[in-house]
Amino acid sequence: MAVAYETDLAKLGTLTGYSGPDQPDDDLLRACVHCGMCLPSCPTYRLTGQEMSSPRGRLWLMRGVADGRLDLLDPIFDEQMYQCLNCRACEAVCPSGVHYGPLVEAARSQLERHRPRPVWQRVLRRVALGGVFGDQRVFRAVVGGLRLYQRSGLAALVRRTGVLKPLKLAETERMMPPVAARFLRPGAERWTPSSPARAVRLFNGCVMGTVFADTNRAAGRVLAHNGAAVDVPVGQQCCGALHVHAGMMDEARALAKTNIAAFEAAPDGEIAVTAAGCGAALKEYGFLLKDDPAWAERARAFADRVRDVTELLADRPLAVPTQAVDRIVTYQEPCHLAHAQRITAQPRAILDAIPGLTLVEMRESSLCCGSAGIYNLIRREMAEELGDRKARHVLETPATAVVTANPGCAMQLRASLARNGSAASVVHVVEVLDEAYGGSAAWPPEGGREPGGSRPQRP
Amino acid sequence: MSRAHDHLIERLERILGPGGVFHRPADLLVYEYDGSVEGAVDTAAPVAVALPTTTEQVAAIVRLANEFDLPVTPRGAGTGLSGGAVAQRGGIVVALTRMDRILEIDPEDRTALVEPGVINLELSEATIPGGHFFAPDPSSQKACTVGGNVAENSGGPHCLKYGVTTNHVLGLEVVLPDGRVVWTGGRAGHAPGYDLTGALVGSEGMLGIVTKALVRLTPNPEATLVELAAFPDVESASLAVSRIIAAGIVPAALELMDNLTIQAVEPAYHAGYPMDAGAVLLAELDGIAEDVRAEGEDVAVLCRETGATSVRVASEKPERDLLWKGRKMALAAMGRLTPNYYLHDTVVPRTKLPAALRRVAEVATEYDLPIANVLHAGDGNLHPLILFDRRQPGAVERVLHASHELLHSCVELGGALSGEHGIGTEKRAALTLVFSADDLAAMAGIKNSFDPKSCFNPEKLFPAGYRCGEVRALRAQALAQKLGIYAM
Amino acid sequence: MNTPPTIDGLTPSALVTPLSAAELADTLAQAAADGLKVAPIGGGTALALGNPPERVDLALSTLALNGVLDYEPSDLVLSVAAGARFADVQALLAGHGQTLPLDPPGDAAATIGGLIATALAGPRRLGSGTLRDLLIGIAVAHPAGIVTKSGGMVVKNVTGFDLPRLYHGSLGTLGVIVSANLKVLPRARAEATLIARVVALDDALAAADRVRASRLRPVALEAALVDGAWFAAVRLEGRPATVATLAAEAAGLLESDTETLHGTDSAAWWRRYVAHQAVHAAPDEALLRFAVRPRATADLVRAVLRAVDGSGAIPRAVMASVGVGTVIVRAALDPEGAAATLSSLTATISPIADHVTVIAAPPAWKRGLDVWGGAPQTLDVMRALKSHFDPERVLNPGRFAGRI
């Protein structure tokens, strides 16, 4: 997988212009007036200082293809479309309101459709994105294997012997946090306060529901603490974000339809998401399915229900946290929260409400950490450079923990901090809030009453 | 490509390493523009782009360009609005984005030594904790580079009180067009000889490439106050500007926005601008706390006297930022209203602002183009924003005609062609509106003294046909005429 | 005035006073055609500045180019002919509550053109900058017989190359300034000066440093020896109430026997102080200017004092602009071997100071040295500029840096 996207600079043929479905929208493309205000927000531009690695440059390349001045199959086009982290920081600062994300995704989709790739690359991509992320059962089996690996003593042995180094997998291995003891299965757990004021449906997510299942449980508890009856509807699948980012639109649409149907079966209440990347993708289902008459309306209705968990919590007065969390933290903005969803104040407001906690801002807190979905697996060098830069900024602060709100960021931050000699831990916003509410102790997994008088229920 | 081309690339790679040179067509494509409006400035691709990291590399590139007889175009972030960074005659673009280190901040001398690729705002962010800021603050300050500011002599809202870039540059390390590295100016004043630093600032990359800039830092003001006054119309707001100035108050910034701008900004950013106001005036006062308080009261009174329907005062940073947000996001808000806009930049004497604004309104009607006004009212710098949709047939032409009309009117009112965006290729043809052949000959003298081969950033600033050779002839002709050697 | 003034012992054979810019340009062209060398003269207050001219045939006065060309108080800009006297301009501006925030040496006689050409600035440059910062447009007559203009009448202007700054301090070697457009500022409503009498130099420097580190933003801050006494001087401006508050704060910081002057008394004190920097030298003295980065001012002034003492010279005035990095010294030298003393004095301080300039000295002493302290690194560019604007070297030949 690590080499799946490395650009083969030999030209693989020529193709003029875009064709078929999912072309970059021409009006959107021409909304860019190349003013350059996006440049400093772009992680790849910050690292390289080169125009083609900037949002403006990439849009100009896309225009070049549309105008027939640049071949769709030019290796530089391919290189740049995939070098982009799709962090969408550029969108948040664009004076002209250019929707960059959908454009780069459409360009990638064009490359997916038209670019001849070696068979082994295609197979790898199908297996990774289609097979593993496309099916929750497979995904859970893989993560289950990982958990076994971590606990069996094999992990320690592997690290000691360094056998993964030659395979360039050592970093990937290091990134993996301890997998939760128990996965969160849809339909299996719910959190209900004694007198619920509303219903909230938790979107589980592939990584969140497995590796970070305890974070999702914390989200369930804090939402319940704030008066919501929380459940995890059955039938939900991967959000499809990784597929959209990779330009695999057909796969993404299939997943979207499954999710829409699953949550239509739980019709009332907002859909809470604990992974910023999933949230951004779910909120864009309307755009993804806009050309499908049978689904367009349903997708829009679905997207309207989606909220990031911090957004949902900050939506109304927060139940006052009572337990002091004496810690200095800094906050890393997940790109798909800050830029794609424009949620920046809410997580900070939640942290501010926690007694004992001190939030110290680091430099460039909104610059991508280099995770960007699976980018850190396929563009290791650039991802590591961004991770190091991030770790340096964390080390400049007295923080002992980095708070974030996305699993990819959490894994990338873990690895980067460790590599740069930082002992800071990485936690999700809801985990800190959960701690301030008394944590799982206040919500015993089996029976018992928590101080607020509500009772966790397990069917 | 030809052997000579291959040879050039090979030599460049020897200087910069393979990662520092771009020459494949797709790479060059993205270096054919800057921030200028398409239609007003032509795009043009170089034959190679060099991204140096040291002064020595810049010098070596320039010597190589000399050897190959190629033009050189320096480039910062490429946010310029007059085409300054576009390689109109091809050649080598020297992009300084990788020379982005702040080398030294000296709070005692109140200076900073920076490489040209340092981003304007990030310099201030680095110096503010130590008690100082870098005063020039062009609207693109989040993205533009200090090197670019030096080349364009950038202004910004706060130059009303603090002056423009040239007032804040103490010395420059420069690679001259012959490849030599020299220093002009420095930490100490009274350097002997001509003020070449002064000549280099605002020279649009035509005289040399700045590789280090020694800039002045300004102490953070002790107190800052922002006032937002709403007026029934632009005239009364302009009158308030005159009255404030006449009262002996020099605000740090004095910005005016008209109703069209308010209509775009307020719904998008909720900065609290009254939607029914004909214009709002944003005044920032800073300095010693006692003075700021007193001046703030005076400004509020003057605004009310001249017809302000409301005055909001903000002294704490979050409130101040909110009031500024509407101004800072004005362009963004416009961008969302219309597919395209042409941001204009002209300047008139302060008292001619009402006349200039009337003219803008007339031009808007005449050409059937909505024009919004955001202006640095304190120093007479107008930024008419022409809104259009380039997909409409003839729209671009209409916009270009309208802008030419605006330029003419501002010159007639005693103004200048550009307050802060530069001439570049955008306005070079209009230069003869303000300068005679003799005036241009004097400017060409500077050009020739630095760059006798005329290889730095060609096709900029001077109107077509005013290149070196012609200028010498012109001067000789002027001399001959004056001396009556022969009648013309 | 029909008698041409003497410049470094050389007397031009004629003095001409053209009545218009065009006439002045024609005069220059004629001089160029006739192979004459010209020394432009304004108020004649700074003729001692520069190396002795190689030759002077004609003194060219700008005094007939007098008067305000355009002044719109609400625009805070002013256009004046080069021969306008600085003092007259200030009087006019004062009538409208405005000012040029400058205190150059040269008494009432200095002209605007002369001040631009010589780039002389007084202690106020700490708080208000120099003419360089106020210059927004300029018109200059060249030996080609043409008058060229650049800049304009607006405070913010990037239309074309920035020639006004090139002419500032060019000592009339590129052309003769015929008019200038200047940014003006509102006059401060009140001012105060605090003079702290101290025992020694170090006390004056320490007092000045405390003021510099405070919230006060003095427009001038000096540590000086004048009339045999050391003192630190602070000039404050602003609204009356603020100035009163700040003056009290300054008195506390100065920590010594402090005298406070207000309003016109304050202004008058500074005029007397700046008079010590006037560009002329008695037959037994030299006026020198040393420049360093601001943080090195204290070291510089100590080194200068040591060198002056070591050379046997007697300091008549030592004036250090703290925060600017300029030290001006007026010293009496034993006429016996004075030229050599002066040379060794400048040589001793050269390693410490970035720039050493002999502002004024008897002509005989100047012959052996370059008063500008050596040629700048960019001399060839400067020569190219000179040869473009004045190819026949009509204007002030040899007087400027690098003997341009």
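Order of writing sets the chain letters: A, B and C. Residues in each chain are counted from 1.
We adopt the following convention: a contact is a pair of C-beta atoms (placed from the backbone, for glycine too) under 8 Å apart; a residue touches a chain by one contact, two chains touch by 3 or more.
Bear in mind the structure is a predicted one, so any value in this text is a computation, not a measurement.
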{"item": "Chain whose Cα centroid lies at the greatest distance from that of chain C", "value": "A"}
{"item": "Chain occupying the most central position, where position means C-alpha average", "value": "B"}
{"item": "Which of B-C and A-B has more C-beta pairs touching across its chains", "value": "B-C"}
{"item": "Where chain A and chain C are represented by their mean Cα positions, the distance between them in whole Å", "value": "64"}
{"item": "Interchain centroid distance [CA atoms averaged], chain B/chain C, Å", "value": "31"}
{"item": "Inter-centroid spacing, chain B versus chain A (mean Cα positions, whole Å)", "value": "39"}
{"item": "Residues of chain B that touch chain C when the two form their complex", "value": "106, 108-111, 152-153, 155, 159, 163-164, 166-167, 176, 182-184, 186-199, 201-203, 219, 222, 242, 245-250, 287-288, 290-291, 294-295, 347-351, 376, 379-381, 414-423, 427, 431, 434-436, 438-443, 445-450, 452, 461, 475, 478-479, 481-483"}
{"item": "Sites on chain B touched by chain A in the complex", "value": "22, 24-27, 29-31, 33-35, 37-38, 49, 51, 77-79, 95, 97-98, 100, 117, 119, 122, 140, 142-144, 329, 331-332, 335-336, 339-341, 390"}
{"item": "Residues of chain C defined as touching chain B within the complex", "value": "25-26, 29-30, 33, 72-77, 97-98, 119, 125, 129, 132-133, 140, 142, 144-150, 152-166, 168-170, 174, 185-187, 189, 215, 217, 238-239, 241-242, 245-246, 289, 291-295, 324-326, 353-355, 357, 372-379, 381-382, 384-385, 388-389, 400-402, 404"}
{"item": "Sites on chain A touched by chain B in the complex", "value": "27, 30-31, 33-40, 49-52, 54, 56-57, 60-61, 64, 69-70, 74, 76-77, 93-97"}
